[in-house]
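Let me begin by handing over the structure; questions about it come next.
Going by the order they are written in, the chains are A, B, C and D; count residues from 1 in each one.
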Amino acid sequence: MPAISLYYRLPALHSYKRLKGESHMYYIQLLINGISLGSVYSVIAIGFTLIFSILKFSNFSHGGVMVVSAYFGYVLSTKLNLGFFPTLLMVSVFGALVAVVVQYIGFDRIRKSDGNVMLLFVSSATLGTLLQNIIVITFSSTYYSYPKFFTTSFVKIGNFTVGVTDLMMLVFSTICIVVLMYVLYKTRLGISIRALSMDANTTQLMGINASFVIAVTFMISGCLAGVAGMFLGISYSLYPQLNALVFKGMIASILGGLGNISGALYGGLLLGVAEVFLTNFVGASLMPVFTFLFSIIFLLVRPQGISGKFTLEKV
Amino acid sequence: MSYYITVLTSITVDLVAILSMYLLLGLTGIFSMGQASFMCIGAYVTGMIATRADVPMGVCLVLSILAGMICALFVGMPCIKLRRDYIALVTLGFGEAIVALLNNMNNITGGALGITGIPRKINLYWGLLILILTILFVVNFKNSKFGRQCIAVKNDEISAAAMGINVARVKLLVFVIAGGITAMSGCLLAYSTTYVEPLAFGVNRTINWISTVFVGGINSLSGSTVSGLIFGILPEALRFSSSGRIILQCLIVILVVNFLPQGLFGENEVGDIFKKIKRKLTKKPTVWEGEK
Amino acid sequence: MNIVEVKNLSLNFGGVKAVQNVSLTIEKGGVTSIIGPNGAGKTTFFNIISGVYKPTSGTVIFDGQDITGLEQHEISLLGMSRTFQNIRLFGQLDVLRNVQTALDSRARYNLFDAIIGSPKKRKFDKQNAEKSMECLELVGLAKYAYEKPGSLPYGMQRKVELARALASDPKLLLLDEPAAGLNLTETEEFIELLHRVQEKFDLTILLIEHRLQVVHSLSKKIYVLNFGELLAEGTSEEIQANEEVIKAYMGEDDE
Amino acid sequence: MEMRKLLAIFIIVLMVASLVGCGSSNNEATPQETTETTEAGEEDVILIGGVNDLSADRSVLGNAINRGVELAVKEINEAGGILGKKVVYKVYDNRNDAQETINAYTRLCNVDNVSAVITSDASSICMALIEVSGVEKIPVLGMPSDPRATMNVATGEPYPYMFLVSQPNAVAQANIIAHYVNENTDLKKAAVFYDQSNAYSVANSEAFIEFWKELGNEVTIIETCNKNDQDYKTQLYKMKDAGAEFIYCPITTTQLVLLANQASQNGIGLPYVGAMDMADPFLSLINNPEDVNAYFQAVADMKSERVAKLNAAYREAYGEDATVKSVNGYDAMYILKAAIEAAGSADPEAIRDALENKIQNLKILVSDNYTMDPKTHAPKDLGMVICKITNGKLETIGYYEAN
């Protein structure tokens, strides 16, 4: 065995061949990749920000719900041999149920006793860890993956390739967002949710049942967590640490303007595209450093986020 | 009983970090999600110096604190005036950036392989000494005008500013001090584990500290300390059950947060008892009844 | 001599003109009042003067110094102190410490003094605590010094806020609807207290109120704001006789 | 308010009670998670300790190793134990954390009085034990990939109580695969893709790059990823562009799945050369196994006769297929058994000496003539089994030694 120096430095040999040739095509492909990565972040961020908008705390149990749903979908699709759509349906229902249970165990009491918002955060982070560890205990002895739902794994659109799971993710996140927007802006329930997010006290005075609306909001958020979890499971395989992605959701929702639904969508896409382009130009190794600098600069330039409105605090 | 000494030493190290979390979250209401990265900075400063030169512990301690404070200044400056939630985002991103940097500069930091062979210089007595000094620091800080200003800032920023308190400066001051203390705990960690690696300082560590502070009582230094002690000992006591102990820990946090929102100690401090007695013994303040 | 001179002050909130081109002066000493119906921009005007909001245009001169755009705490340290419409005390600090925060920002000792508990620190803390206690005695709340403000009734909380604002020996005291939420006897008591305070401290008080009768006996000069604009100014009698003011108040039925 | 105070006091009392309860039970020799509980006194048993990643990020690997050890202990006890004594195995979780590991190890040494400790395959865990093992003087058997875990690289001296067992370190692994690929295939231009936050991945790829260049081949591009990255397409494009003939990717199974799925989605059909994580169940996890061509190494061929007994026992005990990590744990226990037998007693110092000098030509699952190198505290010239994946079909080529 030859002696080798362990501090041997790995140089980053980046190739910029693409720059000479058909560069614009390459960048469009990068953009597509960024958007498909971003759509994952968006779905997480929307579920995350939905809760933030009404209860004003960062709901980290969202990641836990995602993981549990992802494994539930795995059990359904392998043990019961359910197809893609039935599984997706069941998983989103399951996610909604878990989220409601989580809200009941973790947040209901604190919310009613009007405690510190940070208590809600601590409760959610703990519940997230709890859910993750339940999965670790039940499933952690080996790796699992979903069965193959789609016969082809990628489609060609012109010269560009898009993965089928990415495409499905994009389609479903768009559907989710459209449905959500419809519910929020066109139905009585949605108006209640939005009213609650603006002014909880007045809303309750106007005869809206806050507990019910909050429970429903958690169900919607849980649904999104279920969908996100299942797609993550399909494209990224199952592992209990999947809930770490909730941090990306948090970053995306802050970039988008905390508590703003459409902002979370844009924030997710922005984060996804930024990560892919940073990986291309500075390499994955330094990507987190530049993401950090990017987010600081972004917040300094636009402190209210992409879609956030700047409101002066009432004195 | 070297085992108990080892465990207690590791608890003192964590307690120092929890004290800094108390300063940030309990006293001033700053929500830092990446506080563990300051511990990482302290640990790495110590690791890099102690493995290259035979320097006394004090030097590393001071350098770690300085490094932590400088980084905190750098991170805090741009975001301290922004909305409260943004500091969580920026510190979270900072944590990931630090890990990436450490992994990248592997000719200085050893990259993901970490740094081995740090001399073991911390024993329980040193740890306790530093812990007690830190507690004294925090107690004196809390009982001075700075402590009152911090609480004022936490309760109501606008009202605090109307009292002439420079809110941004107070927050930055606390953030920098907390960065220094956390980095110091990192230095202690490096000296007690003799090995540091970037992955040990993830966001879960910070979340653990946050829950510890809340369980003890967000407004009580004694509470935070006691709950730090409990959460240090409890996993050791439950060591026989690998999965049970995490779940039990989670359940305790959820129970406390739900049923004792003020934490175990509420706003009580151990020192308050003496103060109350003293107040009862001395003359009562003269009461001005008004013109009735 | 004028302690405050406001020239052409305006503030827009995303299209809404909260304060429009207001110019006024406040003479040193005595009580000056700003009245106006709800939503007339009185509190916003206060917030601009005390530095919470930055004006879109115009200047504010306080005690001969241009304070437009200064931070809240800088203005406070120049000697302007205020209370809030919805009481904003520090819930976690007891009454005495609430008052003491106003003096703490003026206490001259540094972090090092604080940590080692130096004589300098102890001297300042003792001085300030004594002074705060005096202020509490003045408002008649000394026996509640070690209570949390949340446990006191509303009227007392108002007095604590007043004591806190007075503790720093301000040149100008801004009171934002100090009688709001108080019943008739409490209001009278409060007016009484203000008289006393004014005599003792020799300061200038600027008072916001939307009920004319409250300021009637106190103020030597009254400004009337309506829809963010200055509607009228004059002595109490002049204002009571002013047709426009009566018209503005007639539109409002909730009082 | 009163009820809250009561509740607070109740919780504190509960915690203190559990502490006291556990503290007192420590002294009794009734370990809770043992494969074999005995009523006999300490004289009749040999206590073996375990510290492993049973929860947190590496729980899959830690549990697999631990189960391997447990099965071996069960087997040994059924066959009459070691030196006529029953083996009691007591394992603690470390949450993949260095500080926890040190606490667990000192507890095993001081409270449980074990004779030796079997630990994780994570280098970080083993490296955290270097210092403390020198103080407690209880030998540690781990599977760290980083050579620094068993040897002081600066002085060339092995740490007296640290041992690498049942698999070669990352450098030796890279050496094996680099030589094999060089000699038996016509792949020349390598792209290296590694996880810069994973110590094993970094150590292995650094060594591979050096060996590969030494063998006169070319490394065209080096790309990295981070722990929680989800998108490798950019790196894949770059590697394809750079004209690489294969991707060397010593990354974790989860990451490999991601890489293979995204490569086949984007029609990047480069073959992979990898480390151990391409073993089963890797192929069953990816969407299009038929797109995968790869060479990789494993400590054992999981389908061979040698492992059949372990496989059957594992399936019976846990209802799942065993993985190569269980082989590591299983062999570690048998190496320890051989050392104790050679030492003739369960004295930690004697076991240490035996581990250093008397492990020779042992027949275990990973090798027919397993020998410990006293100079490095690592297995001497241990080869690995080379496996090949052709269009999604896994076949075992055979045992291969680099020299």
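We adopt the following convention: a residue touches a chain if its C-beta (ideal position, glycine included) is under 8 Å from a C-beta of that chain, and two chains touch if they have at least 3 such contacts.
From a predicted model like this one, the values you see are computed outputs, not experimental measurements.
Peer 1: Spell out the chains that contact chain B while also contacting chain D.
Peer 2: Touching chain B and chain D alike, sorted by label: A.
Peer 1: Relative to the centroid of every protein C-alpha atom displayed, which chain's own C-alpha centroid is closest?
Peer 2: Chain nearest the overall C-alpha centroid, as shown: B.
Peer 1: Tally the contacting C-beta pairs at the A-D interface and at the B-C interface, and name the larger one.
Peer 2: Top pair by contacting C-beta pairs is A-D.
Peer 1: Farthest from chain D by Cα centre, which chain is it? Let me know.
Peer 2: Centroid comparison gives C as the farthest chain from chain D.
Peer 1: Between chain C and chain D, tell me the centre distance in angstrom, where each centre is the average of that chain's C-alpha atoms.
Peer 2: Centres of chain C and chain D (C-alpha means) sit 70 Å apart.
Peer 1: Where the centres are mean C-alpha positions, what is the separation of chain A from chain D, in Å?
Peer 2: Distance between chain centres, rounded to whole Å: 33 Å.
Peer 1: How many angstrom between the C-alpha centroids of chain C and chain B?
Peer 2: Each chain reduced to its C-alpha mean, chain B and chain C end up 38 Å apart.
Peer 1: In whole angstrom, what separates the CA-based centres of chain A and chain C?
Peer 2: Between these chains, centre-to-centre, one finds 47 Å.
Peer 1: Among the residues of chain B, pick out those that touch two or more other chains and give their numbers.
Peer 2: If we look for residues of chain B contacting two or more partner chains, we find 96, 99-100, 103-104, 106, 113, 158, 243, 246, 259.
Peer 1: When you check chain A against every other chain, which residues touch at least two of them?
Peer 2: Residues 6, 10, 133, 136-137, 285, 287-288, 315 of chain A touch two or more partner chains.
Peer 1: Show the residues in chain D shared as contacts by 2 or more other chains, in ascending order.
Peer 2: In chain D, 55, 57, 148, 196, 202-203, 226 touch at least two other chains.
Peer 1: Going by the contact rule set out above, which residues of chain A touch chain D in the complex?
Peer 2: The touching residues are 1-2, 4, 6, 8, 10-15, 17-18, 26, 29-30, 33, 37, 40, 133, 136-137, 140-145, 148, 150, 153-154, 161, 163-166, 235-237, 239-241, 244-245, 248, 272, 275-276, 279-280, 283-285, 287-288.
Peer 1: Where on chain A is chain B touching in the complex?
Peer 2: 6-7, 9-10, 58, 60, 105-106, 109-110, 113, 115-116, 118-119, 121-123, 125-127, 129-130, 133-134, 136-137, 247, 250-251, 254, 258, 285-289, 291-293, 295-296, 299-300, 303, 313, 315
Peer 1: Considering the complex alone, what residue numbers of chain C touch chain B?
Peer 2: Residue list for chain C touching chain B: 50-52, 71-73, 76-77, 81-82, 84, 88-93, 97, 100-102, 104-107, 109, 111, 113-117, 121, 124-125, 128, 133, 137-138, 140, 142-143, 145-146, 164, 168, 189, 192.
Peer 1: Quick one: in the complex, what on chain D touches chain B?
Peer 2: 4, 7-8, 11-12, 15, 18-19, 21-23, 31-33, 54-55, 57, 91-93, 95, 97-100, 102-104, 106-107, 109-111, 123-124, 127-128, 130-132, 135-136, 146, 148-149, 152, 195-199, 201-203, 226-227
Peer 1: Write out the stretch or stretches of chain B touching chain A in their complex.
Peer 2: Going by the criterion above, the answer is residues 25, 31, 78-79, 82-83, 85-86, 88-90, 92-94, 96-97, 99-101, 103-104, 106-107, 110, 113, 158, 203-204, 207, 210-211, 214, 218, 243, 246-247, 250-251, 253-254, 257-259, 261.
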